[in-house]
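Listed next: structures, encoded as structure tokens.
Both complexes shown next keep chain A, but they swap its partner, so chain B is in the first and chain C is in the second.
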Partner chain A sequence: MFIVIIGCGRTGSLLAGNLSRSGHEVVVIEHDPESFALLPVDFSGFQIEGDAAENDILKEGKIESADLVIVSTGNDQINYLVSQMAKVNFDVPRIMVRTIDPAVEKMYENEDRVESFSQISLLAENMINKIEREGMR
Partner chain B sequence: MKYKNLLISRYFLISKYTGIIIMFAGAAIASPLLFLIAYPEEAALAPHFLLAAGLSVLAGLALYIYGSKHQEKDVELSLNEGSIIVIFSWLGAIFFSAIPFITILDMSWTHSIFEVVSGWTTTGLSLVDVTTAPKLILIWRSIMQFFGGAGLAVIALSSLLPVHGMGLYMAEARSDKLLPHVKRSTMMIMKIYTLYTIAGIFLYYFSGMSMFDSINHSMAAISTGGFSTQPDSIGHYNSLSIEVVTIVLMFLGTINFATHYTLLKGKIRTFFKNAEIRLMITLFTLLTPILMFFSLNTLYPRLSENFRVTFFQIITALSTTGFSTISFAGWPLFANFIIILIMLVGGGTGSTAGGIKQYRIYLIFKSIYWEIKEQFLPRRSVSSNYLWRGENKFHVKDQHIKDVANYIILYLFTFFAGVAIHTAYGYSLLDSMFEFGSALGTVGLSIGLISPAAPAGIIWTQTIGMFLGRLEFFIILYAGIKLVKDGVYIAKHD
Partner chain C sequence: MDIILVGGGKLIYHLGKKLISKGHFLTIINKDRKLAEDLAREINATVVFGDATNKTVLEDAGAYKADNLVSLTQKDHNNLFICKMAMDYFGVERTTALVNNPENEELFNTLGITGIFNITDLISSIIEQSVSADDVSNLTMIEEGKLSIFQVEVSPVSEAVGKEIKDIDLPLTIVLGGIVRNGEIIIPRGGSQIKAGDKIVIISLPEEQAEAIKVFGGEE
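Up next, the complex of A and B:
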């Protein structure tokens, strides 16, 4: 599978490393070149330095032929913008977006092809599940 | 203590991967036996090849089993560890490949190792008498060049090894990635490479070469190797069409695989923007007339012949192939000097060629230009310097220029050290520069200095030069330093 990952922070680099290791073709786009150091040594995909909100940078990453785009920058506005660009301009079949503020999730609710993942909602859900399973002590 | 255990477990891993690659080399040694179908009269030689192949597979298997004892899951290989694997598998492959030369042709170890290193590094200097050597030996020399051109680790990565191989890929001086995954990249390289070789075989065949010679020359040309089945190389045929085919194949062989990929995808304009292609075109248009009209016009009075000879020798030197149509011994000093310069420049990065590499030369000239340009810009202006590499613009950082400059200095330093050794043996400065430049750049042109009668010191100097030139110095340094450091650490903390 050809995967484009936008944002190479802690989340992006972890995803990129694991996906590359399991045999996928991975391209990482990141604004800050120093963040590429977070990638593991055996990451064998491409690294593109640039602002993902620019059409040309996305084109350089061959986003139009991507099977999956993962948007994981640390900024909700940018995440939304890039996911829309991937969906509308480049017609990507599947887009996964990370959200920071759980309130933003609503924006993605009725979007087809776009799935959102909120780390805070996931965390809260996990904790609540555990509390409910084990009961109040 | 914990670090020591970690280090030791890494070495088990290194041993395992080295074992796999040496086993693969064993399979390669057995491959000339396929040609017994066409030449059954040489069946008597089969045991020699089987012996070498068997020993190689056994050694590889031993390393593999030994390394598999301490299996850790999910390990990654760094560049330094990749370097160690590449060097040991190359040394292993060289050692076992030399056995048929020793047992069949009764050559000494020194001469056999020289011949084999010349094969694996795609140099093409030879001590074998091709007129009397059996066909199996000839085809084995070409097969070594074919595999050596692509690189052992690259071939192994494309088929056998698990995907954790970025360090290995980088270590074998194949730094440009074609596709965003090592395995796909190496498979694409092998596809392009094999396709060109097969095309080359047919082109030669239709130009009037015998099938056996076509196979040999095609493998040797596309790998920029230069082993020939004729004592006077391509010049033997004296045929224009064969020379044109050779020129095309050498040209293809010296282009970066990433650039090939751009070309195959039909992006002609990006192809011509590429730094290396530009440098190559500039060198051709500049040097061909200079050589033709300032030096060789007395030797070859007819214009068409002059052009044919000059162009062929320039491309054979630049692509670091080493086929020749004439003898360099009678050439004027100036022409030979230009050929030495071209040999130092060499082919493209990430191709099968050797030398300093056109990309580095281009970058250094560009950086000199940028430096001068910036001197005349307003004080606070910001400029972004880039060049074209593969399909993309590549923005050049100072660190990158430093790496490249260091490499060039190290290359030239080694070159002068080798020339010094040659002159100490009493050869003239021109001969020494020509021969060692040819060995270090893995070119394989000879001015007539290397022969079975040459002293052993010269043969070993050139052997080491070829090995250094093919694996690009730094990884040999990295591997050596890492081995010593780790060895000292393990010994100290017993």
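Up next, the complex of A and C:
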């Protein structure tokens, strides 16, 4: 698969490293060049420095031919704008968005092609599952 | 109308005063504490200090009963997000966003934002008009700037002088609405002749405005 990842923070760089290692073609877009240092040494994809909220930068990352776009900056508002740009302006078939404030999840509820992942909800769910499972014993 | 205004710096004070004087109920959300405090003192509106991208702040501002939300922050992503949240979470019917990057206008439109201020295009068209011709006046924009109506005075050096309208090389999207000559109105026909000093009323797409001004204003 050809995957474009927006944001190369801890989440973006971890995803980029693992996905490229398992054989996917990966492009990472990040406005702060220092963040590319978070990528593992064996990362074999491309790095593009720039503001993903600009169509030209997304085009540079060949987003129009992406099978999947992962939006993982640390800002819910930027993530929403970029996910909509990917969907409307570039017709990307599948978009995964990281959300920070769980209150934001509802924004993506009725959207086709866009899925949201909330780190807080996932964490809580995980813990609750574990508590309940152990409670069963 | 119940209106919520978000952000906007100094502009918000004057905008707010104007809307209140027209009888609207206003709630202002600002995340600058000093500005919010000043506004609360100076303006007869409810002022909420906080970040409008936060759902609870919108709720505090009474978003569920607002008729219109106007987001005027400097960041397009915040304006989009705030407007969408107002629509999706609180059922606000009309939302207006400031657009700094002109490329976002279409996207915001597609996403259902009802009013868009494309500030960059607006200012650039105003600048272009004032440098390209002093003789352009009465500019009116229709449908949020999709069509413009304006008047231009025919310069003696214009290529149109002495020609009949049908012989003037004009894009098809430019329509002549009237000719004002010595205070009289002439309804233009293909055979009407253009004279220097005529004032031509033109209806055109904004992007072709400059072309029309060039032909009649006689400037390069």
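Keep in mind that, in the parts below, the second predicted complex is superposed on the first by the 135 of 137 C-alpha atoms of A that agree within 3 Å, B and C clash if a C-alpha of one lies under 4 Å from a C-alpha of the other, contacts with A are read in each partner's own complex, and residues count from 1 in each chain.
Keep in mind that, in the parts below, a contact is a pair of C-beta atoms (placed from the backbone, for glycine too) under 8 Å apart; a residue touches a chain by one contact, two chains touch by 3 or more.
Everything quoted here is computed from the prediction, not taken from an experiment.
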Chain B and chain C placed together on chain A: clash or fit? fit
- For A:107, is the partner it touches chain B (first), chain C (second), both, or none of the two (neither)? second
Query = Which holds for A:117: it touches chain B only (first), chain C only (second), both, or neither?
reply = neither
* Given the touch rule stated above, what does A:2 touch, chain B (first), chain C (second), both, or neither? -> first
Notebook entry, point to check: Which of the two partners, first being chain B and second being chain C, lies in contact with A:36: first, second, both, or neither?
Noted result: neither
May I ask you to decide whether A:60 touches chain B, chain C, both, or neither, giving the answer as first, second, both or neither? first
| task | Considering only the touch criterion stated at the top, classify A:80 as touching first (chain B), second (chain C), both, or neither. | result | second
Superposition result for chain B with chain C: lowest C-alpha separation, Å, rounded to 21
Contacts of chain A common to chain B and chain C in the A-superposed view none
The answer for chain B against chain A in the complex is residues 74, 76-79, 163-167, 169, 177, 179-185, 392, 395
Touching chain A in the complex, chain C uses residues 53-56, 75-78, 80-81, 84-85, 88-89, 101, 103-104, 107, 110-111
Interface with chain B, chain A side, in the complex: residues 2, 20-27, 40-46, 49, 60
In the complex, chain A touches chain C at residues 53-55, 75-78, 80-82, 84-85, 88-89, 101, 103, 106-107
